[in-house]
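Right after this note come the structures.
Both of the next two complexes hold subunit A, though its partner changes from subunit B to subunit C.
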Partner chain A sequence: MMEPQNILTAYKNFPHLIQITWGTTAVLIIAIVILTINLKFWRAAKRKKEANQQKAQAKFESLILEYLYSQNDNPNYLSTKQLVIIDAFAHPIKVKWKRRIIVKILYNLLSEVSGEMSDIIKKFYFRTGLYKYALFKLKSKKWEVIGKGIEQLTRFKIIEAHQRVKPFLNHPRDEVRKEAHIYMVSLFGFEGLSFLNTIEEPMSEWAQIEILETLQEIESQEFCDIKLWLKSNNRSVVLFALKLAKIYNQFEVNETLMELLSHPDKDIRVQTIEVLTHLYGIEAKEMLKANFNDLSLEEQISFFKLLEKLVMPNDEPFVEKHLFHKNFEIQLLALKILKSINLDKFLHIKEDTEKSSNSDILEYVNNL
Partner chain B sequence: MSKKKIVLAEDNSTLSMLLKFRLEKEGYELFSSVDGKAALESIETNQPDLIITDIMMPFISGLEVISHVRHKLNSKVPIIVFSSAGQEEMVLKAFDLGANDFMGKPFSPNELLIRVRKLVT
Partner chain C sequence: MDTSTVNIILKILHYLFFGFAFLAILSYIVLSVISAKESIEYLKKNSFVNYKDILSSSMAPTITIIAPAYNESLNIVENVRSLLSNHYTKYNVIIVNDGSKDDSLEKLIEAYDLEKVDFIINQKIKTKPLRKGVFKSKNPAFEKLLVVDKENGGKADALNIGLNISKSKYVACIDVDCLLLEDALQKMIKPFLEQTEKRVIAAGGVIRIANSCKIQGGRLLDINLPKNLIVQSQILEYLRAFLLGRMAWSRLNGLLVISGAFGIFDKEIAIKVGGYDTNTVGEDMELIVRMRRYMEEQNEPYLVSYIPDPLCWTEAPDNYKTLISQRNRWTRGTIETLRKHRKIAFNKNYGAFGLLSYPYWLFFERLSPIIETIGLVYFGILLALQEVRWEYALSFLVLAYTFSVLFSLVAIYSEEFTFHQYKKKGNGFKLILLAALEPLILHPIILYAALKGNYDYYFNKTKKWGTMTRKGLATA
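Showing the complex of A and B:
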């Protein structure tokens, strides 16, 4: 066995390259040892943290369940047991990670249970003061934190927060605006849509879909007047109002829809024709027929879809004029319409053009 | 009189605890399982009078649980299925495999209790 002094002497006698190699090896071995010990401690700490979280979760779950099943017959009053449980949560909700676990449990429960039980969960959220932390998030400079705060207030139906949420209806970030809009609709139903009177920022397509979905979930289906929104200067509000008109069959806005047929925005005009088709807006037919050549291609296609639904025998000459339109979709719709109003004429045309390039489409329509 | 036994297969621990609390309060003996595999073991061991299973579960799904009970164990024990929004196809499959009833989430625990009482007579 070599003495340590001899190892050092031998090392000094090595050429430089060997010395560097040995030196690097020693440094790497020390680094590996330090990192391994560090990793061991880090993993142990993580395991301990997870165990603590699981323990806390189990404790909170059982306390929450006890709270839920200690409800008095009168839902407006808390039982003594419930008051004790609320007190027990006073300290944990001040700790961020514990608060996160409590909210997660409540979220989980809300997505699984409904009815009376879900109302008790929402009251628990309010009574423990958890909503104050969601309100605190609204003061954050980070938009995603604000969004999360509003989302939580929506989920637990904290109606008291509506004045605090209101300023976010026109927030520059689409995600925050969407959460604020959903909050209003989720808590106030159709009345909550009054923000459409004033919003200046656009509503994304996704936000519109989410609002419509929220509206369908609310119990009261008492509809509101949408005429003002159809006349809005905000393009996205008009498009959203058109969706509302279609989904909620707003026949009384047909007159306003007629005005929208001359809107400067093409998408609005196209969507208006689609809504009029759905609402049997027969009065639009003659107007569009007269201006057909001035319409954009999308509008022309939409008009033919309207005609497919609202066609009358006196429309035959117009349809016949566009039987072999340069656009395939219009051609197909025109042939289908002709077949539905005058089968003999359709068959006659089919025979006449049997050998032409249009024979395939005629055969297809004939087989429909 | 011995308590009627129910096997509950649900991976959401909070919901599982909530239902255990409610059903045990009503006099049923509840065996909770966190996944389909544990549920099958519990069914074979405890011979329950009712099975309540979620459709989506780790390892073995609710559909496989129903299929095992009906085709392997040849048992006619009533089965209630929990489903979430968008699982309508799965619910139809569950009925094809022999489920007796279903409840869409979120559901009312009181309503579940009424259905349990109806099926466990």
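Showing the complex of A and C:
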């Protein structure tokens, strides 16, 4: 076998390229050895950590459940037992991973209970001082930590934090902004939507859905005026307001909706037609009918859906004109509408065109 | 030719091989770094996501799952049940029975109480005609299900009829034999809904290997490493490809392929570009390239997104014959797509798509096996002429091997730090051992399959899909 000294000498005699290659290989081999050993210990440590976490979770779960079922008849006061349990959490909440488990248990419980029980859980969160850690997260430089902090304050409805959350309503990260918006809506209902007056960044569809769902969870509330948002310069605010108008049947904004039919953004115009269809906006029908040829294809399809719902016998000539429109959807809707207002005429057309390329669609509509 | 000319040619060849290997290694390092960044960003973003709202919202978009089936009688009933048990509420399932010769349709009719319904299809994309028609269930429990029985036209044709029928804004195209986890749709739809500046035209997910995993009632109960070395090696290969490669390309918005096993598409764009190409065996890659090309030509900002969560599990080939057939098809698909869209190559009008993604695929996916083979042949010639300079050859060979082991280790680390699916004791050691063995077990086979794919593409034009004999996913 070659002596180490000889290997070194041989190495020194190699051309530079080979020296670099062997040198790199040596570095890679060292990296492989380190990573292999590290992976083994890391996996073992992770398994141990998971086992510890499971043990701690079981212990905390049983304590929290005990706390929940030790409630006095008077919900304003905590029982002695509950106070003892809260004291028992004083130390664990100082440890990050234990705190994470406790919050996770509380989240799970919150999603399973409601009413008085949910208030008792929130009281636990507050009395143990967990909220202070959530507030502390708001000071973090990491956006994801801030997001998690706001999420926690929202779930446990810590209204006292609203001044601290407010600055994040216009945070550059969409995720943080969304959490701040949800916090406001979750705690202040429609009043909390006032951020829509000033928001400059676009709201994603995902954020809009979350806010709408949060609003729907809130009981007894007074709806607010959405006209200002329907006229917003922020496209996403207009689209969001249109969703509000549809979900909350805002018949009083029909006039503003009519104005939106000539909005420069096509998506907004299409959505507006859909909302008007939902709100039986009969006044939109004549206007759209008159401008039909100037509409985009998507608007034309939406209009025919509106017409399907609001058709009157005097619309027959218009419908008849589009019976064999080049777009399949419009063709189908037009035939359905004609059948509903004038069956005889529909059957007559069906007989006339029995052998044409439209016979399939006619047959299909006939069988509906 | 005199000796000096030969020497110059040889020198050029040496530099070309060296340059190619250097660039390949460099690209892998860069992709690993980018993918690490992207994975961390993804985990941060998803550390406080609330999926509950999207499940209950009336404003959530509808998704149509399109699953083509051809002679899947063995598992079709179970597979459909799995597709019907997703947590997402606003979705429906279209099973396209693509002219199966077995009793798939009869089994579906019996299991789901199906009846033929009147149906009209808007032929936005031309497809083969219906055979027995369209079926819906009489049982309201299966109201999400629609079964279409059509004449055989291949997977692309079956997916196209699904695109024609779907009324949803988004379509999820999946292989019927894949196991889709219950939370797959809500996670996959998120990129489409959270983007405000760019239009997400497609999103792909990680495909994981389900051989040896325990599955019951369409649910994944237990994840195991299979004993079969070929399957094990593919697990490592998939980890590298999905957790390192695609994750990084997603960050660069340069993904050229979304696995045909599971992907969600913006239906409007998919239809505008004409749907799946029925004349290629790589229809999944071809559609993405065509959609990207369309968006670039329209000058519309867009994204092809990617989700690293293990959402879709599939059965991998467990023998060399099937594996070679599968990789042969993948190679032919890549060649067909790259040739068809060669206009994009090095074309600055297509931005990073033309200057980065396409060239990468051309050199490191399409040409890589050919260059490697030329290198091997050249080495063989030098060996025969006793002209091998062993001090160089050996050092390069050892370096290439150690780098490949290290790269696999990085993929294993990526898996451990993110989704940690192979939790069982001993799995870590097996994966490391595999990192050392895989270049010797799987790589030569893949190289052979790629060469065969090249041969078949140029000299055996009649070859189409090839067969994949499925054994079915293990049930508990």
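Everything below uses one rule, namely that the second predicted complex is superposed on the first by the 275 of 368 C-alpha atoms of A that agree within 3 Å, B and C clash if a C-alpha of one lies under 4 Å from a C-alpha of the other, contacts with A are read in each partner's own complex, and residues count from 1 in each chain.
The definition used in the following text is that contacts are C-beta pairs under 8 Å (C-beta built on N, C-alpha and C of every residue); 3 or more make two chains touch, one makes a residue touch a chain.
Predicted model only: the values in this text are computed from it and were never measured.
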item	value
Contacts of A:14 with subunit B and subunit C, given as first, second, both or neither	second
Touched partner set for A:352, first subunit B, second subunit C, both or neither	neither
Contact breadth on subunit A, by residue count: subunit C or subunit B	C
Partner chain in contact with A:25 - subunit B first, subunit C second, else both or neither	second
Partner chain in contact with A:112 - subunit B first, subunit C second, else both or neither	first
Which of subunit B and subunit C A:191 touches, first, second, both or neither	neither
Partner chain in contact with A:283 - subunit B first, subunit C second, else both or neither	neither
Touching both subunit B and subunit C, residues of subunit A	111
Of all residues in subunit A, those that touch subunit C in their complex	14-15, 17-18, 21-22, 24-25, 28-29, 31-32, 35-36, 39-40, 42-43, 46-47, 111, 143-144, 147-148, 151, 174-175, 179, 201-210, 212-214, 236, 243, 247, 328-329, 332, 360-361, 364, 367-368
Subunit A-facing residues of subunit C, complex	44-45, 47-48, 50, 52-54, 56-60, 118-120, 122, 124, 190, 192-197, 391-392, 395-396, 398-399, 402-403, 405-406, 409, 412-413, 416, 420, 423, 425, 428-429, 432
Of all residues in subunit B, those that touch subunit A in their complex	12-15, 17-18, 21-22, 25, 105-111
Residue ranges of subunit A in contact with subunit B within the complex	61-62, 64-65, 68-69, 105, 108-118
